[in-house]
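Structure provided below as structure tokens; questions to follow.
By letter and in written order, the chains are A, B, C and D; residue numbering begins at 1 in each of them.
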Amino acid sequence: MGIKPIRTALKVDFSKPVWEQPGFHVRSSIHMNSLLLSSSTDQITTQNRWHPDIPVCGTIANNEIVKIECVDWTGGQIKNNDSADDVKNVDLTRVHYLTGPFKIETAEPGDVLLVEIQDVQPFDNQPWGFTGVFDKKNGGGFLDDLYPEAAKAIWDFEGIFCSSRHIPHVRFPGLIHPGILGCAPSAEVLAEWNRRESELIAANTQDRVVALAPQPLNAYAGDTDEEATAKVGKEGARTIPGRPENGGNCDIKNLSRGSKVYLPVHVFGAKFSVGDLHFSEGDGEISFCGAIEMAGIITIKFTVIKDGMAQMGMKSPIYLPGPVEPHYGPGRYLTFEGFSVDEHGKQHFLDATVAYRQTCLRTIEYLHRYGYSDYQIYLLLSCAPIQGHIAGIVDIPNACTTLGLPMDIFDFDIRPEIPPVRIDMGNCAFTSDRMQS
Amino acid sequence: MGIKPIRTALKVDFSKPVWEQPGFHVRSSIHMNSLLLSSSTDQITTQNRWHPDIPVCGTIANNEIVKIECVDWTGGQIKNNDSADDVKNVDLTRVHYLTGPFKIETAEPGDVLLVEIQDVQPFDNQPWGFTGVFDKKNGGGFLDDLYPEAAKAIWDFEGIFCSSRHIPHVRFPGLIHPGILGCAPSAEVLAEWNRRESELIAANTQDRVVALAPQPLNAYAGDTDEEATAKVGKEGARTIPGRPENGGNCDIKNLSRGSKVYLPVHVFGAKFSVGDLHFSEGDGEISFCGAIEMAGIITIKFTVIKDGMAQMGMKSPIYLPGPVEPHYGPGRYLTFEGFSVDEHGKQHFLDATVAYRQTCLRTIEYLHRYGYSDYQIYLLLSCAPIQGHIAGIVDIPNACTTLGLPMDIFDFDIRPEIPPVRIDMGNCAFTSDRMQS
Amino acid sequence: MGIKPIRTALKVDFSKPVWEQPGFHVRSSIHMNSLLLSSSTDQITTQNRWHPDIPVCGTIANNEIVKIECVDWTGGQIKNNDSADDVKNVDLTRVHYLTGPFKIETAEPGDVLLVEIQDVQPFDNQPWGFTGVFDKKNGGGFLDDLYPEAAKAIWDFEGIFCSSRHIPHVRFPGLIHPGILGCAPSAEVLAEWNRRESELIAANTQDRVVALAPQPLNAYAGDTDEEATAKVGKEGARTIPGRPENGGNCDIKNLSRGSKVYLPVHVFGAKFSVGDLHFSEGDGEISFCGAIEMAGIITIKFTVIKDGMAQMGMKSPIYLPGPVEPHYGPGRYLTFEGFSVDEHGKQHFLDATVAYRQTCLRTIEYLHRYGYSDYQIYLLLSCAPIQGHIAGIVDIPNACTTLGLPMDIFDFDIRPEIPPVRIDMGNCAFTSDRMQS
Amino acid sequence: MGIKPIRTALKVDFSKPVWEQPGFHVRSSIHMNSLLLSSSTDQITTQNRWHPDIPVCGTIANNEIVKIECVDWTGGQIKNNDSADDVKNVDLTRVHYLTGPFKIETAEPGDVLLVEIQDVQPFDNQPWGFTGVFDKKNGGGFLDDLYPEAAKAIWDFEGIFCSSRHIPHVRFPGLIHPGILGCAPSAEVLAEWNRRESELIAANTQDRVVALAPQPLNAYAGDTDEEATAKVGKEGARTIPGRPENGGNCDIKNLSRGSKVYLPVHVFGAKFSVGDLHFSEGDGEISFCGAIEMAGIITIKFTVIKDGMAQMGMKSPIYLPGPVEPHYGPGRYLTFEGFSVDEHGKQHFLDATVAYRQTCLRTIEYLHRYGYSDYQIYLLLSCAPIQGHIAGIVDIPNACTTLGLPMDIFDFDIRPEIPPVRIDMGNCAFTSDRMQS
């Protein structure tokens, strides 16, 4: 009977730096404005690695609905201002700051954890987010050969809509979602991750980072001792990337309000973590820091499906999107085609990655005609709700991908038959170096 | 005033073999039951190569709406029966049989040809189509390492719906479309195609065909002399694959009724061709002969946009889908995730092709539980209106792709929380060799 | 095995007048260009009344899919020209010309007949339809107090799209459907219809026709003798209106391709009839002859659900729409509000009919600003896929209804914030009297 | 630069009764737990009548986005418990409690006020709402002849979803919206309202209330003197119903997040008010207190369109819905038909109100088979996102309306071909009288 407010499983305390709070083992002196602590339990509620030994920060009952607060994925390193210096100098050893792990009662290895996302909201007092292009030498992105410099756009949230002073004349509702959610790997799963990723690193001949090995620096393992933290730092899988066994940083834009996600359980209690909240994202999240990144609150219902992995034949997560995705009608998506011939005229063999890169470039060329800078469009395609499809993957040697751009996010008419009129679009934020030159 | 029926620009004559008809230069003795002739003009209306010298078979006015008849892409090689022998032995030097090229009045290089697809229909007396898995040694497909044998499913058309005796318990409306449409390349564009694809062939070290070089055998060039035909055979680009400069065999399922396609024009008169009609296709068309292939009639409105390529900044086609795509609601797509770790546990670097292959395998494993054979599901995913998305392409080293399967095409409940019940699903058609063994 | 074309249950013969064909009992000398005969069986296949004694014209098996051909509802009285004289003088004693009744094998009273509409198509050689405003004195319509004169628009079909020389600058895909489908009434149901409608007629004090009593003149009863025909003429219910017991002339625009309609069965064999095909219609079909009326072919799958009426608690038909309705996105419907205060300032009590009339008038006023005549808009709202909703029905004394107009059917921008520019819209067809004056 | 939180134009103070707060002129001794005061300005922020003389409670700039807090429409009279006594005894002289009127800068008579709804949210600490059936003698409802007793369902909000202990096995996302928004009438408009509604009252011969005359009892007029309050009480229009000139209590479920509403301005400063927030509502809101009524916060952007009424030809509000409405696909709406023949067998003439009542009854009969009580279904149809359409309004004498019920809100399968299984559904809340008997 009566009012039953939803329990907040963990709260974020933005009032003081993490190291001034009880129970936190300081391993860094960076000044952060966003840290993740349990205000009610004094337990540390963060982790930034995947490891089965990270202790749980809270317990959630089977069939319970809870609210979980999350900081933004960088832990507050990026500010609401007009310089991309913070993006250029971001410390990626610290990311992603996740909330968890939570013990889900009754969950055992082999079960499936059904995660129903009831809502995702930004904090009322932080109605903004950011989209960044990383410097090619510190993070990079999908188009870093062409756009190697850091850039940034700040987005203001106006209810379910957002707009940016850095990318004018667009406005859209967010397809709000977590970029990361998943259960902890078992020791065996973790060992497999380290095996295969280290093999890729060892075989690398490119002049770029191809995967992130375990990194003790700035590894957090929650409320545990130094020895355990050191173990997590040495063995723990980085939160970049998503992986088939637990989903993790899958960055799927459709895991939004109302979606049901079915996650494999690898350890007792599931040890579920979530974070990297996005106000919006485009398929591919192409600039890497490409969604509209934000701090916020996610409301989740948890249900354990016993022996679900065998029953569903599950090796990777599956999901059902929710019924409230923005919908414009198919005829409102201006769609660009790209093929696996790169910008140097080289023919690749059924390479959907190359094709999607070309598809993005075709879209940039098109939108450039209205007065946007390439970096503005690069940022926009990263975070607006674009639809990236694999259209053809068998007609040798060309893969074909498409990118559907919702025309209704612009306040001017972008149909092809309408001759473009250039508008003064200002620009996105760049680094102080670039702006002075 | 009065009734203005739409002109049929070209008709297909199924009544007699092509070589018995005037104006056709026989270069083959294969017995075909479907050949493409202009019944009204006695001009040969087919081509199966891209080349600027292939003579036009008809003229269409700017702003005109016409109907164009097309044979199936194999020219009738595949029969409505329960053996995949025809698929196994298909002659791929002959494909694709396209209708065209048509001269579009007033079109010049640099223009854009707006192609509005008013309708696509199968022939009333051929209410069926086929989906095939090619033999790995003759065509292959996206999953040919795992499924190397030929297989086939025949689909019966019941109005806008289709069903198959070879894949029971599914039924869906077609997202009917042409797999190929485009304007002829200029000599320069053609030369570029040959350069880059021959380089790929020359560099190939895989034990598989990576691209198709020009092939004089069975090349048709329409109503022209032997010398010109020989030139087309020697230089003409194969209709497999699609290419960025003209789209061609892009196999985009959304170019369906009501869509508007904006095509670059490279030669005077555009020389537009169309063919490879599909009753339905899934993103990727993964089994290669993967759509529901059919003969039929396409109704198109043509509009020339002068100097459109410069005005639109166009390097590749763009399009707007139509407003009548089947729509199920986002919450009705059961969606599978895949990452760029292959089935041997090898980690690939941001390879969306590998990720999509894994996504398909996850779906096959899931549907297998209901009693379908792997080949049945492979065929189904090729032709049912599945949504293949590039979800994440920046979280090194894992690309993440998704595959959305519309649950409403099944007549049983495939939601994950419902324990599966195995059904006797029969099987698809295989070759006579396999069926005897 | 092999090709299984769908059987055409009944064909329309347009080649000669009905009275020159065997088996037809001529009761009229009107010259018609469209009459409905079974070309294969020489049985008369039409009826234009509902009566249990009308003999069946064909038999359809349970679970069978058949094609059924239909004339337009007036039997060809309306021509493709630019005069509304035919509309003004239409003979409404003859309508509607239905195809049927068909015996559905195994169907008995108390069963439910599941009618799955696989497709609806116009005839290839009749790619046009008409929308009419009836003269107030011969048929009338929803707004006949304001628009009492006859008017007409001819629509050309271009694939799934239509456009009209009489209402320029609009174009839309059809939500194609039958205006009438249903099973025959039992004698008891028919008696109830006659009782209640005759009571309404008897109590009528308005200066207008409120219901149509049985009308022997021009009643057809199929292939039967004069006595039986006289009985049908004397007792048979008019096909205007739809009625709760069998649906009939429900004029529901969403009974389109892919829809499943569950119909009560009142007599042995169901005696199913269908007709009044519409290429498109707006909610309300406000001008009465308001859909885009056409002749054509409907493909239906029939399934008998034994004892379905009791099982479903069914008193009136229910249905599931199909998955291929045109969809524009909710934000693309410009929506008008209307309340139950009439144009004379009179307050009505929760009268949704009055409210919807006002809603239509608000829409006419809005579109009038672009240069359309009121009659053009009246015709357009009758046949374009507008959404008419009952929004509020309890806030005494005002009912509130809404009318959603899809903006994407216009080739100019009708958003409210864009100042309107008047265009020369020509006009719809009027009667020769009016055009001379 | 930097964070720009959205200003809250007015806040609700739930901490103390309204009469203990400065500036409120107490005219009632009812104990209420929800009253509407400006916590920052000490001005009274409520009104419950429409009158041009009610003083403004705040000022909003043109193009400003603000948050506005609202109590529930009854001012807290209905409690979160399991008795419908509060519903039975509700004091309707007090309703609706609106927030406003606000002066919108630059707005003048003849302008149009564009109201963009950015978001609507319940209060975090009040995550629940209610749906009620009024007693026939105190309020009544659409089906009060059949369901004359008071009843109630409490809904718990779980993120964007809601469920009810009183109506189990349903769960759906809210199409959250304000039931009332509008600008104040001018004196002339108000006089017209009073004229026409008093005429209806004077002519009434039914045994029911047909309209609400001005009611001094419990009229609030904001922060003004007794004389002015008395004038408002004597002349002010009741907030029930909506009216064509300003919209008001239109109860249109689609005025949800992202919608743009164009409102006529009748007085200087517009004097905009809003309230009656609904978490969800079905077309018709049939039980009168039929939406899921709640207190909450609405975020709105205001834009003045100068001289908009003439430019738009506007007599009543128009709107564009937002792009995030729940969407299930058309094939997921089980749809019921109803005609204007009432449950006593009486034939009405094109009466859409009678038809819609029958449509609702058909739906109740259908859902009853699963074990729900009629009152539970009556409540459910009032608040779940059902689609009520006017299908046919011209086929004399039967109007036909339809009701589309989204099947996906149920956790069991309600398709007609699935035989129903009765479930123990408990019941909704009734009055203590009824429950004792």
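Points worth noting:
In this section, a contact is a pair of C-beta atoms (placed from the backbone, for glycine too) under 8 Å apart; a residue touches a chain by one contact, two chains touch by 3 or more.
Note that the coordinates shown come from a computational prediction; the quantities given were computed from them, not determined experimentally.
After Cα superposition, the angle needed to carry subunit B onto subunit D is 180 degrees, rounded to a multiple of 5.
Relative to subunit C, the chain whose mean Cα position lies farthest away is A.
Mean C-alpha positions place subunit A and subunit C at a centre distance of 52 Å.
Centre-to-centre, using mean CA coordinates, subunit A is 35 Å away from subunit B.
Among the residues of subunit D, those in touch with two or more other chains are 258, 322-323, 325, 327-332, 408. Listing the residues of subunit B that touch subunit C in their complex gives 1-6, 65, 80-82, 117-119, 124-128, 156, 158-161, 173, 257-258, 299, 301, 322-328, 408.
The residues of subunit C lying in touch with subunit A in their complex are 327-332, 408, 413. Contact residues on subunit B toward subunit A in their complex (touch as defined above): 112, 114, 141-142, 192, 195-197, 199-200, 209-212, 240-244, 247, 249-254, 258, 262, 283-288, 290, 305, 308, 311-323, 325, 327, 329-339, 341, 345-353, 356, 358, 362, 365-366, 368-369, 387-402, 404, 415-417, 419-420.
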